[in-house]
Amino acid sequence: SGSGATASPGGPKTGGALTVALSSDIHYADPSLVSDAESLYVANQVVEGLVGVAPGSLSDIIPVLASALPTVSPDGLSYTFKLRSGIKFHDGTDLNAAAVKFNYDRWNAYPKGDLQTNATYFAAAFGGFGDASNLASVDAPDPSTVVIHLRHPQSNFLISQTVAPFGIQSPTAIGANDGNNATLTSNPYALGTNGKGKAMVGTGPFMFNDWTPGDHVTLVRNAGYWDPRARPYLDRIVFKPFADIASELKALQSGAVDFVQALDPASVKATTGDANLVLLDRGSGCNVTQLAMNDADTVGGAPNLLANKGVRLAIAAAVNEPAYIAGFYGGEASVADNWVPSGAQYYTREYLPTYNVTGSRGYLAKAGVPTTGLALELWYPTGAPASVLPDAKGLASAIALDLQAAGFTVTLKSEAYAPNYLADEAAGKLSMWLQSQTCRWAGADDFLYSAFFHYTNAAPSAMFGYKNDDFNTAMTTALSDTTAAAAKADWQKAQDLVAADMPTVPLLNAKPPAGARNYVKGFVGAGNQIEILSSVWLNK
Amino acid sequence: MARFIIRRLLVAIPVLFGLSVILFLFLRLLPGGGPAEAILGQHATPQLVAQISATEGFDKPLYEQYLTYIGRLLHGDMGSSFIDGRQVADTFLIRFPGTLELTMGAMIFAIGLGIPLGRLAARHPNSWIDAVVTVISLFGISIPVFVLGYTLAFVFGVQLHWLPTFGQLDPRLDVDPVTHFAIIDALLAGHWYVIDAVSHLILPSIALGSIPLAVFTRITRASVIDVSNEDYVRTARAKGLTDRRVNDRHIMRNAWLPLTTVIGLETGALLAGAVLTETVFTWNGVGSWVVTSIQNHDFIVVQSLVLIFAVIFMTVNLIVDVGYAFLNPRIRYS
Amino acid sequence: MALLSVRDLVVRFRTHDGTVHAVNGVSFDLDAGETLGLVGESGCGKSVTNLAVMRLLPAPAGRIEGGQVLFEGEDLLRLDEAGMRALRGKEIAMIFQDPMTSLNPVLTIQEQMVETIKAHKKVTNKQARAQAVDLLTMVGMSEPDRRLRDYPHQFSGGMRQRVMIAMALALQPKLLIADEPTTALDVTIQAQVLELLSRLTSEHKTAVILITHDLGVVAGLTRRINVMYAGFVVESANTADLFAGPAHPYTVGLLHSMPRLDAQPGEPLIPIEGTPPDLRHAPVGCPFAPRCAWRVESCWREMPPLEPVRETAEVQTTGPLATHRSACWNRPTAEEAIAGRPLRVDFVPAPEPVEVSR
Amino acid sequence: MTFSATPEAGPVNPQATTPAEAANRPLMQIDGLKMYFEITSGILMSRHVGDVRAVDGVSLSIRKGETVGLVGESGCGKSTVGRTILRLYRPTAGRIVFDGQDITRVEGSSLRAVRRRMQMIFQDPYASLNPRMTAAGIISEPLEIHGVSSGRERRDRVRDLLATVGLDPDYGDRYPHEFSGGQRQRIGVARALALHPDLIVADEPISALDVSIQAQIINLLEHLQDEFGLTYLFIAHDLSVVRHISDRIAVMYLGKIVEVTGSRDLYERPLHPYSVALLSAVPIPDPAVETRRRRIILTGDVPSPSNPPSGCRFHTRCWLRERLGNPERCVEEEPVLREMATGHQVACHFAEEVDGTAEQVQVTGRPGRGAPVGSAGAAAGVAGGVVAPTAPEGPQPRPRPRG
Amino acid sequence: MTTPTAVAIAPTARASRGLWHDALRRLLRNGPALIGLFFITVFVLGALLAPYLSPYDPTIGVLSDHLQGPSLTHLMGTDKQGMDEFSRVLYGARISLTVGVVAVMFGLIGGTIVGALAGGAGGVVDGVLMRVIDVLLAVPGILLAIGLVAWLGHGEIQIMLAVGISYSPMFARLLRGSLLAIRESDYVIAARSMGASPIRILTRHMLPNALTPLIVQATLAAATAIIDVAGLGFLGLGPGDPRIAEWGEMLTDSRSFLQSAPYLIFFPGVVIVLSAVGFNLLGDGLREALDPRLKR
């Protein structure tokens, strides 16, 4: 889509600084240690992995540092990458196979403690570290060849490597700035405390300049970027965190920031109504917001109404998603038809119940559930990042009203998002709650398996208490397929199984809106927010 | 005078001791299991809980834990944030200058406007001027900081484009954070960037300064009227001094006494009031840090910040008391 | 020509609770070098009268609503503020009742004395300071050099009053108004201060208005006395005349209601019944009438004028031969003054007429 | 007046064995009374750094039905004596015997019983009445506390008391701020009278009142004494008033009594240099007398009671000492009260020297000791000024008759 | 000898039925205080009569009707949930005023108990209690309240408690101060000299007289408490259930609509300010009405 990319008569101009409003500060300057949207957004400008996704798409894998997509051994265990030549890190050292090997070995060898705790992407992609990791070894037979050996076949391997935490960084810089220090408090590379160019040293179009925690992160142009077609126009990018989302629109309107990375949906109307501003379209988002449910027979010792599939279906029919989209997302979302957003790898269209209050009562009747005493608790988080749930409170109370209209009595409960809410949902203490999941990488596995319904130690997850052995088998099979075609088929089967069971109620896929001043040109948006700002230029 | 200061410092010791006990217990009595669980939150796995309990010593008897806690505090170790892993002291050094700048801006606004307004009203008691000043101060203390903040930002930032509405400096300017005082850093960077720094300070200072403005106006008015009725002012007039001299030397010198006390109290309150203002104006200070830490349940940070705030508050009060003593010879010479 | 001549002075205070009729047409004269006592109980308008002379009434409540204040022939009430300022402290000085509060607590004695001198004389700081040292020596302060640097709270009450006197006399004013200068002090200290005051003023030939409610103090210190009641001067006489033959029931009452140190034991006191009037009501008739044992019908209606007690050709308002005057429709006789009550047979105080009752 | 007819009005004196014995015994006897107020300092723990010796060894007896006056300059400890004998303070040393009962250390209910018989009248009529209670409430409070009468009877009693002190009984439901200063003081007197006490300590009861009102209260107190046989300890700094109302006068200086004698005697023959100075300082509202009197101007201020001078406390300001060649005895030895004549005690080593000095004569205005009261006056037009070295003597018409 | 008589002594002021009565009379003659009283009365009436006055259920919104401007159907428009703003403002008065006033009550009661113990007992009790109060006073009030809410959790009761606790040291110190002063006053000494028990002295003499400044302070504190409670709502520490109307939270929830629906900021903002103004005016009026200096 990339609506900002309309070429102006004068053509792109070089120079200028772009100020970007972020919803919160970045966490660490080492991309391998971050998992939050803001840190990743910044890291994407600076580091590059072997592979990536095509600009604007969710799951079109393209080679980046590799000159082509890898060749895969028939057993699906060895991936051979050829590297582009002549690429240098921002510190001037060469990118070569040894450097790539260094990075993979480094991640795999992260010790227990701070580093392992934060390197969640690596853990998610490979299932753990060291011996527990599916990454067996990395070979660098020659300076431009890298071979990655897996222990088991892994159908999501390649797409998982498209994200910033797998960006290759300069071994020299990591070594010089104590980047492997196991205690993050004294790891200057991760904290960016050693000053300009001493952290986040990658190969991307922008270079890390400085970071004042809580205040701003500055990137500067990488004039020697290896891809001549993608050389950046901007001199500098300044990322400015805003604790209060309502302030971002004001800042944009006053011209103090040029670009709001995650615009408050409530500000959409004001943005479209302002001739100086443009609303940037990112296409469909790589996320799903659902009315999460615990399907176990008892929750917290009490019998659980939601163990009854009829009740779940009734709820699914009672929620008026289009109204929520209009009310809380400024129209910038689509009704979810699956637990996997469309556009993700191996997505299949499913047909879930739509808003229909009579239908909802019908489900209850069919399931033989008495229509009295249908008491539910609905939890929502306070202080959740707007990029996760822009208005959790509003959404929760609207859902509660709809459920009440369908005959349920709902008690609303709230907790602070981090850590209590997250901890309680993970521990299975909540029976019904609002949950929004943003993809790490745009694969069906990332939602259905990793985020939601995988079994741990052969038992359903504590969070959802959803037991469906066929479905679980289908997913594990799909994950270990050695070919894409097989994986696609298996994932379709898995999706059909879960849709028939309605373990939770997917509500919507938000299109995260971004806003900019109208002189910001050349922006290419992506639903997964992997957006490289090298194409952006300022028309002023 | 030195004895006075020492006395005041000694008085502070039991207070700090009591506060440290309360804060120490605060972390250990948090709802939701033990302190380790509270600190770990979503990451709480049995292994991590055990690990944290061991490193932080949560498994030891309480008094022993307290001694360790105090020992660390005395070495300047206030622990580190569980969210970003940074030392509280390090982040504090980055963020405190912003808060100090904001507080001083607000104070300059409140004192600079409040005292002249109060004097003006006191010169014309019960006149329309007095009424206007009274209404200003009435609304000053009745408007929540965030309502005023939003209104100011909307009017002066969004509508009129006169002043910036967030942050300490335009992030596009190339200013090195040397001291983390935006104004000083901007001065060091040259290019008249300091104008930008000052313009960023204006709206938040007004929002934060509204309450002290109102308080100072009232106190000034009341104490100027009080002092004007004192015998020694009558004496001064009877000596044939000019109005100006009577006002500046005899009335104001004495009216400053209650004012200093109030200024001290308000400065302390401002530091806390900055919690709201910094959030409204995206100010990178300690106040917004408190808010995010509370929202993130980053309790070690909260615990340390409350202690720091208390120390600052008491320090401010000490400074004010010393100032008071300096202004008031009765205390200076006793 | 009299040094100070107050004519029909009227002062009122506008307050939330109504208008206070503090001074209701006071006239008196004072010659250069003369000492005048102003006696009367609390709230009768002594201080206000003198503040009006200095034009120092608390603004905006207090207002001079009539009369003239002639100082050396010039009407002070017409003078502009600058002219008045030049006069204050230089020509007319004042000392106040409470030495604890009439010095500025945050300024050193030196600052306060030097500023007084410099307000009226073109001198350097050093010269002014030297003069301050002299002045303190004059009022009997030991180590004046060192004590100049002290703050008021470091002095005792008597010492502070000495400082006040030194400051008041710094510019050798022609008139000194002393408003109850010793009321707040112990008798022994009062004796010190009064002795000092009378010595210095007679040395410098300064005219003095001494305000007090203690008849004993004025008896020894002043040449003439005005007795005030509820904003009126009710009796005016030379000191000796006044004590020898008080001619107003209020004065008689005052003399009889205070025990004397030299009185015979067992001698009864004759109190003045009732309480002073509420000055928030405009005076109707004689304000003392409700408490007066001598009152007659007309007392309820009309304020008697201040008239000579004995027939004279010419009324003298100042000097040793000043005429004894009293404002009373029914003056106590000499015997009655001694007895403290009306002795006339069948005399009954006139009852309050119904129509003027409030 | 119905007041004395109430049952409680009879003598409440458990110790009284025979009337004769009771009559001889002083109602209040204090011996070597000391009342020190601790000066503490320190932050964490208060440390005792000294004492304000407000009362430092005072002995005094008050007989039933008499009025003893206590005079002295501000801060000399008069109020403290008054409050200590009422046992509002716990005395540091000494003995307080009230009507034969040692009350120095009594507490609890025995103290309450004693308090019923001793009452106090305060200086400030504005501060001594609870602004939130009606006049009737204030006056009936002692009755409530001691459970004397109730209901109608108590209301009648309060009305009686109001009438006794010269207030309209209907004013009982008014609040203190609705009364004038004199009226308030009457309420204070009524409160003190309510339990029909034996002893009333009146602490400067008239100093805060308007001149014209003071006599009303003095007369009221005198009248009540006649009526109910009250005993007063009358505290004041105004010697004229004290002399007027008292039978005997004790002069205090810096926590000590320096002279005790009959009130007539004190004026006629003061024997302590301080008493002489004090008397000389009191102005007399009579120019004729004033011109004749010579003031003794004491140098300096009263020393601090926390660090009193050694020996005789007055030696730093004594006019006589210098004349005697500054004898060391005054500095070294503390004079004790000694009986100079019957009922006339003085604490001065050189009291004999005082007698007959020019100063003493000047003060009393008489040529010599024991001479009859001479009255003097001055002709009109005497020169102004305080210290008239000489003055014409001789009988003159006086504005007020004596005797 | 003149005998005292009960004649000719007229009281100085006209008859009244007590200090409180007089204070009330003075208060009712004080223009600004009446304005304050008027505001408070309006809000209290609005709160009490909310069920009768409000046209809609404040907890039920029609999402399709959301963000409608003020009109005859919705006097103050609708919020983002489609709830009627006018009804929510009315019901919000219940919460905001109750929370504000009850918080001050908590503070007042706690402060009074501590202050009375300290000021009444003196000595060691006083010393210990005052150190505790010093500790609490060392933490700025709003921070204390924030910390306590974070600790106690969400909910109306918790907010009342937190704000109340943050106010109590101020009340305690104020009360102790006046009690200490009153303890040395002549009328208390008079009561002691009559043999009154300590309890009687405390309840009959000291507390009634110490109450006046406390009442004034409590009224003024109610104004700040309302603002503080709104501030807690602003920081996401409000009552928790979004269906509950609370002014501060209403304001905060609408802050994204400053431009598209300014009335959502305007109305709650105005009622918060006006109720605070109301309590401030009333407090000032009470101070004047109860100030003993004006009586003499």
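Order as written gives the chain letters A, B, C, D and E; numbering starts at 1 within each chain.
Note that a residue touches a chain if its C-beta (ideal position, glycine included) is under 8 Å from a C-beta of that chain, and two chains touch if they have at least 3 such contacts.
In this text the structure is predicted, and so the values were computed from the model without any measurement.
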- Computed over C-alpha atoms, the centroid farthest from that of chain C is that of chain A
- Task: Count the C-beta pairs in contact for D-E and for A-E, then report the pair with the higher count.
- Result: D-E
- Task: Farthest from chain D by Cα centre, which chain is it? Let me know.
- Result: A
- Query: How many Å are there between the centre of chain C and the centre of chain E, using C-alpha atoms for each centre?
  - Reply: 50
- What is the distance in Å between the mean C-alpha positions of chain A and chain D? 92
- Item | Euclidean distance of C-alpha centroids - chain A vs chain B, Å | 39
- At least two other chains touched by the same residue of chain E: list those residues. 1-2, 9, 12, 236, 255, 258-259
- Return the residues of chain A touching two or more other chains; collapse runs of consecutive numbers into ranges. 244, 246, 250, 382-383
- Query: What are the residue numbers in chain C that touch two or more other chains?
  - Reply: 268, 270-271, 273, 275, 291
- Across the complex, what residues on chain C touch chain D? 35, 41-42, 156, 158-159, 186-192, 194-195, 198, 202, 213-217, 219-223, 238-241, 243-246, 253-273, 275-276, 291, 320, 337-340
- Query: If you look only at chain B, which of its residues touch chain E in the complex?
  - Reply: 14-16, 18-19, 22, 26, 30-31, 138-139, 141-147, 150-151, 154, 158, 268-269, 271-273, 275-276, 279, 290-291, 294-295, 297, 302, 306, 309-310, 313-314
- Query: Which of the residues in chain A come into contact with chain E in the complex?
  - Reply: 244-246, 249-250, 264, 266-267, 269-270, 273, 320, 323-324, 326-328, 382-383, 391, 393-394, 396-398, 400-401, 412-414
- Okay, in this complex, where on chain E does chain B touch? 131-132, 134-135, 138-143, 146-147, 150-151, 153, 223-224, 227, 230-231, 234-237, 248, 251-252, 255, 258-259, 265, 269, 272-274, 276-277, 280-281
- Message: Using the touch definition from the top, list the residues of chain B that touch chain A in their complex.
- Response: 32, 40-44, 48, 80, 83-87, 91, 94-95, 150, 153-154, 157-158, 161, 164-168, 170-172, 176-177, 180, 279-282, 284, 288-289, 291-292, 295-297
